[in-house]
């Protein structure tokens, strides 16, 4: 019966062909590590955020006089409202953990390099959308941190040349963050996740065109690719299980870990809390913003710190394929970058002080430095590696030989 | 059978696979429940499922309308003449004895929504109701005596917490 | 550049002294009896000045109080009404200079939660002849529990117990579903744990052939 239905559909729609080609039979390198689970995890978190978000939206009131109360109504009166809320608030932080690890994997293994530039750039777009969604979502509870975070960040748009003040008022719909801001942020916060869904589809189409990279950075022979199902379906499920243990531990036992105490106080436009800070996932960029004493300079630096990732495919000028796997200098630079991000995050969480200013500026210089040094370092590293003699796997790539099937599909052999 | 599941040779006796799938599907189904449940009335809505009414201020022959679950409810303090008239009369559209429609004969409690298409009927001089929308008429027991309404006015669950207090929405 | 490391270390060390005052970290009771005692204290004493906007009278029934008791507290207020302050806000503001804050979310709105509240309630003491509070020196609230004026150790212990009960109630008030949440959490985590073990075993089973192939460098 089911078989008959499916063949009826297949005559009219490429269902079986699509599933076989893109899902079940899709060739995947057999040496992928667990660092490759995080794309799937990001998709899972997205679906859970949309589901919890829609059900929360059934009870939330996007009105400055009602918003805070409606959250309490959800927490206290709505059946399992507390669960929906904590899933959504924890999920927001979880989303950034997953995405940052996903990005780190891509940087470490050089998965952004030719021919995966579009894959990297669609990912960049997804990151920007995610940042916008979480910024707007944070205003919705209308707590003290919600309000003042929005007030400070919308103020940054004052940096726009000539029309800065008008842009800020236009964004807010009012002279300071108010009811108009809240309603539009709610509308856009509801809309953007569906734009993300579309961008994820594009991201996956790009992926399926160039196929996954793998830890070695060298494209594997056909015989070393295995079908996505059942190997990676079960591996993704297992990874999901591990993720859920950690996720649910936070949701059920430490839900307040990610909720600022100040946000349990209704927004008061007349009184700024003594210590404003954004959510943890924005802290490194916040630190870079504060490192420049000039408003426009700070905004430019912060914007650059997010957008500079897009330049990576062109910054890495080595002919050695892949990322840190075969390249020791690249590996060191990666770890320096990661440590630096944590330092920046710490600086962003602390009040401004002379010591923090020095530390923040030093860390910001290191941040941009790693990108700017990469073009020179990558070339020097290649020379150094060739002088010492390449490992056999790499030597084989550069030796002239008859082109094989799927040769043009990737790798960096020139 | 080696027990390893490959695409060409599914291991039919794969107990591990079966139990894992079963557990997973059960978990996923259970996870849906909070979402579904959150759409049911919240505790504050349920708290308004009952309405307390103080009936001490309604004189004989008088009537009071209260809100219950968002609907109007007519509370009538019937006179002995009205009670006698209702007990002896039989209606034909939706036959029902008067004593089946009251807990205490001198108090009539009915939902004030016409059983035709939902308008709120108006009180008429005889102690019954006349619906302004399509002309249905109800007697002093809330029974329909002229259509197009098909049924008598609904009697909600209620009980007397005391001689002066009615709780609408709960039987006891 | 050499300055960075000592600065880094100093920052880490200094951040350990986060709050101005150290909080009393002794455990806040979560048992129903303590919460009930705290509720009585808050409703009969604290609600003289403080309201609890997000606690309705009917919520008190879930703590196990009899309906008659709650009816006695609420007077002519409906069961669905919030717990109001007895002193109107503007009069309190005139007397104390500031409107007494609502207490429904107080345990969530302060760093340290219940520990903050307990340390605050027991933090009143005399300093240079003036009454002050160790966690919130500029508070306008008087020492209602009277700890600052009590020297008898037994009486002090009784006041501290009352403060614990009040804190227990306020912690409940800020998060009434906490117990249900944790209870559900044990079951969910147990399930996910078992599920993950099953998935790991099945994954190993499916991958057996591939894992026995020579590793790719």
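Per-chain numbering from 1; labels A, B and C assigned in written order.
Note that contacts are C-beta pairs under 8 Å (C-beta built on N, C-alpha and C of every residue); 3 or more make two chains touch, one makes a residue touch a chain.
Note that the structure is a prediction, hence the values are computed from the model and not measured.
Asks: Counting only C-alpha atoms to place each centre, which chain is farthest from chain B?
Replies: Farthest by centroid: A.
Asks: Between A-B and A-C, which chain pair is linked by more C-beta pairs in contact?
Replies: Answer by contact count: A-C.
Asks: Averaging over Cα atoms per chain, report the distance between chain B and chain C in Å.
Replies: The answer is 41 Å.
Asks: Could you give the separation in Å between the centres of chain A and chain B, each centre being the mean of its C-alpha atoms?
Replies: Computed value for the inter-centroid distance: 51 Å.
Asks: If you average the CA atoms of chain A and of chain C, how many Å lie between those two points?
Replies: 34
Asks: For chain A, jot down the residues that touch at least 2 other chains.
Replies: 76, 83, 230, 237
Asks: Out of chain B, which residues touch more than one other chain, so two or more?
Replies: Correct list: 5-6, 24, 44.
Asks: Tell me, which residues of chain C touch at least two other chains?
Replies: 192, 195, 199, 202, 206
Asks: Within the complex, which stretch of chain B touches chain A?
Replies: Residues 5-7, 24, 34-35, 37-40, 42-45.
Asks: Which residues of chain A touch chain C in the complex?
Replies: These residues of chain A touch chain C: 30-31, 72, 75-76, 82-83, 86, 214, 216, 220, 224, 226, 230-231, 234-235, 237-238, 241-242, 244-245, 248-249, 251-253, 255-256, 259, 261-262, 264-265, 343, 346, 350, 355-356, 358-359, 362, 391, 393.
Asks: Using the touch rule from the top, collect the residues of chain C that touch chain B in their complex.
Replies: 56, 58, 79-80, 191-192, 194-195, 198-199, 201-202, 205-206, 208-209
Asks: In their shared complex, at which residues does chain A touch chain B?
Replies: It comes out as residues 24-25, 51, 55, 58-59, 73, 76-81, 83-84, 227, 229-230, 237.
Asks: If you look only at chain B, which of its residues touch chain C in the complex?
Replies: Against chain C, the touching part of chain B is residues 2-6, 14, 16-17, 19-20, 23-24, 27, 44, 47-48.
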